[in-house]
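The structure appears right after this line, and notes come after that.
For reference, chains read A, B, C and D in written order, and residue numbers begin at 1 within each chain.
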Amino acid sequence: NPRNRKESKPPQLPLVDENGSLNLERKGFPKTFLYWGDMFHTLVNITSTKFTIVLFIAYFLLFVVFAVPYYIEAIVHNSIPGIHSFVHAVWFSVQTSMTIGYGGDLTPVPESFITNAVVALQSVTSLLVAYSLLGVVYARFSRPTRRATTIVFSKKMVINNDGGIPSLSFRIGNIRKHQLIEASVRMLVAFNNLDSEDEDDSVFRFINLQIRGGGQLFLALPCIVSHAMVFGSPLHNLDEEKMRSSDMEILVLLEAVDSSTSSKLQARKSYRPSDIKINYRFSSMVHRMPTGRRCVDFSTFQNIDPISENSPDYLSSFNMNPVLVETSSYEDFS
Amino acid sequence: NPRNRKESKPPQLPLVDENGSLNLERKGFPKTFLYWGDMFHTLVNITSTKFTIVLFIAYFLLFVVFAVPYYIEAIVHNSIPGIHSFVHAVWFSVQTSMTIGYGGDLTPVPESFITNAVVALQSVTSLLVAYSLLGVVYARFSRPTRRATTIVFSKKMVINNDGGIPSLSFRIGNIRKHQLIEASVRMLVAFNNLDSEDEDDSVFRFINLQIRGGGQLFLALPCIVSHAMVFGSPLHNLDEEKMRSSDMEILVLLEAVDSSTSSKLQARKSYRPSDIKINYRFSSMVHRMPTGRRCVDFSTFQNIDPISENSPDYLSSFNMNPVLVETSSYEDFS
Amino acid sequence: NPRNRKESKPPQLPLVDENGSLNLERKGFPKTFLYWGDMFHTLVNITSTKFTIVLFIAYFLLFVVFAVPYYIEAIVHNSIPGIHSFVHAVWFSVQTSMTIGYGGDLTPVPESFITNAVVALQSVTSLLVAYSLLGVVYARFSRPTRRATTIVFSKKMVINNDGGIPSLSFRIGNIRKHQLIEASVRMLVAFNNLDSEDEDDSVFRFINLQIRGGGQLFLALPCIVSHAMVFGSPLHNLDEEKMRSSDMEILVLLEAVDSSTSSKLQARKSYRPSDIKINYRFSSMVHRMPTGRRCVDFSTFQNIDPISENSPDYLSSFNMNPVLVETSSYEDFS
Amino acid sequence: NPRNRKESKPPQLPLVDENGSLNLERKGFPKTFLYWGDMFHTLVNITSTKFTIVLFIAYFLLFVVFAVPYYIEAIVHNSIPGIHSFVHAVWFSVQTSMTIGYGGDLTPVPESFITNAVVALQSVTSLLVAYSLLGVVYARFSRPTRRATTIVFSKKMVINNDGGIPSLSFRIGNIRKHQLIEASVRMLVAFNNLDSEDEDDSVFRFINLQIRGGGQLFLALPCIVSHAMVFGSPLHNLDEEKMRSSDMEILVLLEAVDSSTSSKLQARKSYRPSDIKINYRFSSMVHRMPTGRRCVDFSTFQNIDPISENSPDYLSSFNMNPVLVETSSYEDFS
């Protein structure tokens, strides 16, 4: 097929087509070896038609290969009274493989080819239905969504001058004993009427709030997560009046892995301006007991204490924010 | 075998051999305890031969141990009419364990050792076949690939002067109600005829485009993802004419975790120069309803609006790009 | 319903409600196509009521569709002696699908509608129970927690002047042959009586310790993980006496993925001041054997050697810490 | 219990005990609600004893509840000829639930309590054995290790002056059509005789090599991964002679997720000094075909081409390395 390249350039298909699959061909490697060596992924990725063919061939072989010894034994030693021909042995093999084991007059007569073939077909189909069901039942039963409800957020956020830095904080805890690992938290803020040129109340945008210590948590103990309201933060120089009157929303996302099932989960919490308490701190909720072990007391999880004016953590003015973001990364556990 | 180390250094095998396995031996720890304490991973990682042996021993024990009470009861109280010897009890145990429960004249006579042994073998083999099948059926049915098709990308990219920074943006949304978590997005650009010394049209290279806000998304709401075309970007100083004539391709990759099954998925989209619209912005598609809830209207997902020349978002010239990349990280949700 | 918007603004519900679900509606896309195209995730996410209805419809169809050929064959060729009506054929189909295959006088008579219907109901229920059980059995048996016990930590930490930088180090190893991938380690320190304004011994906070090389490990070989006690570290200028008398605790978290099952695991270790040895280093435990392969000898895993005073690794004073954190990232394997 | 705190401080147990479990108690939240609301994780995490008890209670209820309608029907309408008492109905229920469906004289007589009880016990036990087996079979069959063998590394590394920066590069490709996502690559170098004070040939340490573009790959196309041998790199100023004579080893680790099963895999490759070719580049292996689609030709995957001395990519001297590491992140696909 001669191709005229002088005037017309070849069409230039994008790498990814409309369906998200790749406009890509592959050659120059031994496919046979490849597909046999990694059978599982081959079977998962072939088309449904090919998979059905492979499935029926596999079961056909399973039924027929095992029918041979049954037939020989039945003919030679009459070990299975109902078997008189090889076809009978195949049906017996089907009933054994699929663990049916008919008996009585609800048993297809071995001579009836079609009925027994339908039995084989129905058995394999039922297996497929059951296994598809299994996947769904398993996924439904183990859904990490329910696990996420065992993560608790404080109902209030507090603002104070923690370590000399004006901070907006909330508390998060895992009330189940078994652990969440690789926990990381994100804070986002949205203003509905600020930052929007057309003043349409339906426009809002979320802006990331940097978390002191980087957002990686150790959830065995309840954590206080803080955002430094310093230069660079969208909350810098936000005074109390402005905050109270704004249509602001702070969204908190916790993503973690359940250590027993390795499933990922996300817990979410929204805070509104009315949920923010200024010059409060979260009450202590971890104590060392006389035995030397520590005890986490969730009954005080929601408690917050006012900060006295002469405490270094008291924030006298919102506008005296320092300019620099601290560089050292740390985490707080109350 | 005495070894002359004077002249010849010992062979120095690399840490990883040709097959990717490690040239490493391990000693000095109690193996027995180790393998029994973590049986699951031991069984998963032993060779297939050893696994088969363990499997048959386990089933042999299962069959024989339960045969004992059956035999005693059958002999003493005649509780199972067909059992006259211990071997009969074993076959009964096999038929019970594998849930066959034969009846009628398609039952192997208990005296026939070989037939019954083949029944046991076939049962265990069928179980293995079924369970291998199950893995494949489950993986096929739950393939996250289909889930990825419920992620939509805007057909067009837009360039505008968003927040004073020339930005190349697209919109992405998740049209299913159940959530995608740990979503992150990457943008790559490839030029076929630039950056290539031999001008061969088959050579192309992808270059990462930095994403404003870092690429981590919250996909509950549709997101606008932007790249700042500033100094340091491969698209810096790219003028419209150059862009239109180039064989350029922008590839977008979204990787996320389905929250109900914890499976990872990747959605992909290619944009060509003809898909890029200058001085447009994406239409708003999230509205607050009278009930106070928000509503995402996907019917306007693909809509873009022209930007008027006197808007601050209007980009008058491609070359007036600012030099500095902004430092604050944020995300946009229209 | 006319709505007076003049004075009263609409209610502004937060994006996330009390239960963590989203206050969000979605419209403008073809739902039917969506839910059929991604059936698995649809079935996983519908309500339990809907799922039960779908389940029973699916099994009803499975039973009835296969009953047709059985009925025809049984009437025309008498292939199944016990079938005299279509309802009989349905019960036969149930017993085949669920692999029951009754026989003898413990078979429900085909004429008894209720009994056979209960059989069908019990079969499907048992399947659901068994599959829920399966999920739990699988999760219990494959729990990565046990795998985590095959990760060993050194009992002691050492402080020395490694590469001219005062470093606090521990050793970590994986004693199983099969690999852990994506291993990353974190070090946290908590002081009970420092940094706490109210001197209550129950208040403690964990602070991240930066790890030399960034915390990503290659666990095929045992690793020495170090923290540089330099400016910016909470351990900077900590002298020996202060350290010994403080109620300090260093927590080490290792998170990794088991390569055979892709499950995430976390191993944890606490160090107290009495576990820290100054001017020691960990003994070598990897040797090249005459064959050229390397050998990891876990019998010397816990061994530490004193450092002589004239070694460059000897740390003469805690206070002579350099000010800068090194920038190059590396990992040590002894 | 009065406690004398004057002289004796309470014992201070570390947060993590010897076995890696937490020295932590939890109180102050409603446990009952918690455990019922998230039944799956409760069942996964309770002790084996409790789990066994729950399991047997669940199956006992399943057997007995369904026995009620069987008994009523059997007594009133004689629907199951073999049932004469409620205990018979329970055994029938067991045989139905576990899909045994005995028939003929290998059926336990309904009057025999012990035999039938053992049948129930064996059935549940067999289910547990089978499901444990299933977990192992599934994990073995789907092991991502085999998938990792379909990732290919170039046999050689090349050094050239790519883009004016002396670079050490290798090529990596995925020869299967289905995708690997979240692919990231790491390069580590170990010198056996450098950096080791005691010159023992068994001491070696791995140092991370920074990857140009950050190590995140898009593996749909083969990638060339490069390390810039500039200031800050442990390979800076390494001349050819030194490299050839050293006992150096470069280890490459690729970690990715298989898109069809979400399993994590790691592929590994070691390079020795003799595998490094100076002033070569990898041959092109992606071509646009007349159809406009691209074609990846793996037959030239291992090919390298010499670089002519007057090419800008020719590296004339190892010591003329630039001092600054480039800041822009990119990826190369040949």
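Everything that follows uses one rule, which is that a contact is a pair of C-beta atoms (placed from the backbone, for glycine too) under 8 Å apart; a residue touches a chain by one contact, two chains touch by 3 or more.
Values in this document were obtained by computation on a predicted structure and should not be read as measured data.
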| request: Compare the contact pairs of A-C with those of each option in C-D, A-D or B-C, and report the one where over half match by residue number. | output: C-D
| message | Centre to centre, using CA atoms, which chain is the farthest one from subunit C? | response | B
| said: Quick check: superposing subunit C onto subunit D on C-alpha atoms, how many degrees is the rotation, to the nearest 5? | reply: 90
| Separation of subunit A from subunit B, taking each centre as the mean of its C-alpha atoms, in whole Å | 11
| said: So the centre of each chain is just the mean of its C-alpha atoms; given that, what is the distance between subunit B and subunit C in Å? | reply: 15
| Among the residues of subunit B, which ones contact at least 2 other chains? | 12, 15, 22, 40, 44, 95, 98-104, 107, 134-136, 138-139, 141-143, 149, 179, 190, 221, 251, 260-262, 288
| query | Given which chains touch which, is the overall layout a line, a ring, a star, complete, or other? | reply | complete
| message | Applying the document's contact rule, which stretches of subunit D touch subunit A when the two form their complex? | response | 1, 3, 10-13, 15, 22-29, 34, 37-41, 44-45, 99-104, 141-143, 146-147, 149-150, 175-179, 220-221, 258, 260-261, 288-301
| Residues on subunit B engaged by subunit A in the complex (per definition of touch) | 95, 98-109, 111-112, 114-115, 118-119, 121-123, 125-126, 129-130, 133-143, 148-149, 179, 181-182, 190, 192, 213-214, 216, 218, 221, 247, 249, 251, 257, 259-262, 267-272, 284, 286-288, 311-313, 327-334
| Contact set on subunit C toward subunit A in their complex | 12, 14-17, 19-20, 22, 40, 43-44, 48, 51, 55, 58-59, 62, 66, 69-70, 73-74, 77-83, 92-93, 95-104, 107, 110, 127-128, 131-132, 134-136, 138-139, 143-145, 186, 188, 190, 197, 200-208, 210, 232, 234, 251, 253, 255, 262-266
